[in-house]
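Each of the next two complexes has chain A plus one other chain: chain B in the first, chain C in the second.
The block that comes next holds the complex of A and B.
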């Protein structure tokens, strides 16, 4: 940070020293120009806010039983009160509070799963593409094997064997995702490896590690970020689906999938309980997909320039 | 054709690996003896059954026997039903196909015209509506869509039966199918619509399309002969590879709508840890995938003459 604000401002606009801030500005401008990306960002920021600060702000503790206020309908319908904005469930727990807090575990699981799955897939793809030969063949057959099975099937079987739990869930979702990364990263590595500057780097005697770090990885990054954004959407779906079937996050922790699972049994008595967790999942998945679409356009344009 | 041979070879590797995973599931993770006779059996009984089932032999021999069984379609007996696994699975496959085929057809019949129209009227209201529908259809989790449909059409409006498979006449039978088929179809429909739209838009900017237009062909003819035909190429591959999402989808949809099919049976077997059924399904799913991927490869080679030459 410079001490003179005037100098600082000047360098932000035309100095090469501040390209980082420039690029952030460029990203923001591009997001604002795309209506869908703006909407996606607003939704995701709201959900992130709910996940981070929600537990401190909610009107009712998520597991507070209040048998006097069972099955209160949402506030706008007959018999509803503003105290329970989205109504209550069979134990008098506040649906709105649970929905807000549910964002936390849903996002934690999705982020961790993408981080773990992305790292494994990235490394596998990097190795397969760079080393080639038999190593490549073995990794690609593993990818084939993975892709032969629907992810939900693998997820359910693995969770059935491991038992419901947050750590298991993260690992299982990560495992269902690694193959996508591996395939795409490998493809990108093959493309980059064939370029003259990598040949040049090799001719200069750079170590494999440095070539991977300095020349290959940066070129693979944009695809990786795009895949990761879409994977977040997929991970949120799997978290909810596995929790919905009772093989995900333990039912004591509120997540959107768990809430839907409970709501399903109360469909006749309390239909409102089933609506909002699904809306929350849909909006989050939609936002990550829109963001991924925007990112793909944005990074492609940059590559073409 | 060496491409096809290579794919075939890869397919066999996948099948071999899938069967091996099934073996690991059955003989290493699950203990078939305890599963069969329960925890409270005496040691003597356990030993006797173990010997009867050939489980006292070395693991490698058991593995060989298991693989030989798999080749003949023998995955052992279900713990729950005490019947051969393959028969149980196949008997339920029919009910799933009753849902899956109409779902796939619906997805195809909607996605091709909607994708083409959406691309032709890019950025107009009709495109906006189609894209919104596709985006939401892709984002809404199928188990929730199912619940919402039940709430609306079965509980609130009382137009359709909430769940199950029944009805005497064809019309009544169809009533039971409408919601599951739509729910199963939605994701594929949305996905294929987006794909079709993207493919058409990309092709519309290509040189050969411009040439066709410059030749004075009618826009309709350019669209159908030059754009849509070429867009069908990736479309065929991708719609063929929807098997996975149809299987996942049928697990969800059949469970939500209590439809007595393969997916629901599989889900119940996973929940109750009926390992022979899970292991058998694992191999069966791999077989379906490999066969379908192979057929798609062959069709693709037939459709694209460039691939045939190389």
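The block that comes next holds the complex of A and C.
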């Protein structure tokens, strides 16, 4: 049993000399070296700040309507006022405040969906890859079935049946994503399972659970994290798309998708109402994608150094 | 109109005199036979789907001669002519409709109107051609194409670029239409009521009239009209449309302090929390604003839901909707049809509201032929609704905004929103 810790360290990190602080420093240096990752991080940190502290800092309560100040354009255009930085909507509500508060629900939905979808996919992939045989075949056919359907279509049907709501939305997005995780995790597990150190661990009589926990999971994690980063972008996109179709978060709760959906009919009257949530969605999705790209390179041992 | 005169002969019989020289689209003559066939058709036991006209207690139709019929009912129906004016009471060609199944004939209508159906592509377009044998004034164009454009923004763009000649526009876009070249804005009166409906079973508070009154005082209906109907509507007192409304009643004003007082009196000084369902997409904007006003006085609207028809229809019948906002048409324009939405025996009643005196008066109203007595009952019923404060709140008749191209004239939207009179349209030469 004495060899176990050494084996574990070998597979999970780079060496015993590596300290926590060192690895943080190395991550930061790598991010700063990549221009796109730096920009992505700045954008995501700003949005995270807005999501966490925004509701306390916004200039107007999100639902405070002012029917006397409907369709005020953004402050820098003609007729705009500094009171309403990004203008007002059809109810005279401040578009900037709603955009800031909208970040919170948008991110909550996306993060929860990735967490739920990732967990299901991870477990399924782990079981399929490790147990193999008939279990593997059944799970992978389920994955194929899931991937054969266009996921937005599944989302629309499921939301139509379940009805609109935050929890339903999270579940639906999670369902449309689990198959991706399952497939990638299974592939990684198959690769790791065939390595000599897993054979060695098995020869030493370790239980399946310990083998999974100590040798397989750490090796699968990096792929999982990369997929999760890309999935976050997709989840935000789904939240917006389903809310845009009126099947997501109830329309009275500001999310970027809801704001976009309500602005759609007012495109000619008040184009700014569609532009800002659209830009916010684009920037967030793009940033998560760029960060995912960087992470993939960073975690790839061959590309390191 | 296909009838030139109508009058009651006794309590149960109406005599209709029919227009002569009218033919159906397939050349068959229009006569008493066709009227008997069409009116009795939905009451036949084999009739597959019921339509609105079916709940008129019609017994049978007697043919007196080719152009005179007697419509006999089981009980007095003082508003029979209005009931026959609504969609569902169309006169059909007996030969065509008895030959085909209901499924088939519904796709191949044969009537007497100014346009014949040429093509119907579901969810895309309906193409109609002028009926050269039409008995009335002839439209001066050959084809009428009805297009389905689901996106309001796309539709507006088509209007502004001349792709379509007539289109509905939302109040938010009305200003753009008014300012645009080559397009005019028409604002039509309507019988469609924008209304906030209380399901009194939703919360025990709603059983107290003071709470309903508080809700009336809480909402600045005039501000909603100014913002979401461009000021082109008047606040209504009850659900009864003119000319049958009670002129002695004044609408509740906007007084949030009074609303808070009444809530406190009713035992809810800290208010309570409910949800709001929106049943008609056009109602969403004003409903969201109304939710804000209610929240301000303590009736906290935790969530505004937009429900699609397949979702809300069963809940409407079960009476399990939350507070709900709707645009509700009343095409017959009679007091009993205007008010039946709060009658406990109607499946479309979503309020669960009950008042014994009102219920008894309604029963008397539907059987009363005498006009003066009818007015008396009708006005008293409205007094009750007004005094109770609900269950219908915050009402105005939704103005019908239409964009109309300069090359089209004589179009006016039908106030009922249920039918349209395209025969009146003329192309400007």
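We take it that the second predicted complex is superposed on the first by the 282 of 305 C-alpha atoms of A that agree within 3 Å, B and C clash if a C-alpha of one lies under 4 Å from a C-alpha of the other, contacts with A are read in each partner's own complex, and residues count from 1 in each chain.
One rule holds in what follows: contacts are C-beta pairs under 8 Å (C-beta built on N, C-alpha and C of every residue); 3 or more make two chains touch, one makes a residue touch a chain.
Here the structure is a predicted model, which is why all the values come from computation and not from measurement.
Enquirer: If we overlay the two complexes on their shared chain A, which of chain B and chain C does A:163 touch? Say first, second, both or neither.
Expert: second
Enquirer: So, does A:233 touch the first partner chain B, the second partner chain C, both, or neither?
Expert: A:233 contacts chain B only, not chain C.
Enquirer: For A:264, decide between first (touching chain B), second (touching chain C), both and neither.
Expert: Both chain B and chain C are touched by A:264.
Enquirer: Touch test for A:253: chain B only (first), chain C only (second), both, or neither?
Expert: second
Enquirer: By the touch definition at the top of the document, which applies to A:182: first (chain B), second (chain C), both, or neither?
Expert: Neither partner.
Enquirer: In the overlay, answer first, second, both or neither for which of chain B and chain C A:149 touches.
Expert: In the superposed model, A:149 contacts chain B only, not chain C.
Enquirer: One more residue to check, A:63. First (chain B), second (chain C), both or neither?
Expert: second
Enquirer: Applying the touch criterion given at the start, work out whether A:43 contacts chain B, chain C, both or neither, answering first, second, both or neither.
Expert: neither
Enquirer: Using the superposition described at the top, list the residues of chain A that contact chain B and also contact chain C.
Expert: 246, 264, 267-268
Enquirer: Of all residues in chain A, which touch chain B in the complex?
Expert: Touching chain B: residues 141, 144-145, 147-153, 156-157, 160-161, 233, 237, 240-241, 244-247, 260, 263-264, 267-268, 271, 274-275, 277-278, 281-283, 285-286, 289-290 of chain A.
Enquirer: Across the complex, what residues on chain B touch chain A?
Expert: So the residues of chain B in touch with chain A come to 10, 13-14, 17-18, 25, 29, 135-136, 138-141, 143-145, 147-148, 150-151, 155, 244-245, 247-248, 251-252, 255-256, 266-267, 270-271, 273, 278, 281-282, 285-286, 289-290.
Enquirer: Within the complex, which stretch of chain A touches chain C?
Expert: Touching chain C: residues 63-65, 67, 70-71, 90-92, 163-164, 246, 250-253, 264-269 of chain A.
Enquirer: What residues of chain C sit close enough to touch chain A in their complex?
Expert: Contact set of chain C toward chain A: 151-153, 156-157, 160, 170, 172-173, 175-176, 220, 223-224, 226-227, 284-285, 288-289, 291-292, 295, 301, 303-306, 308, 311.
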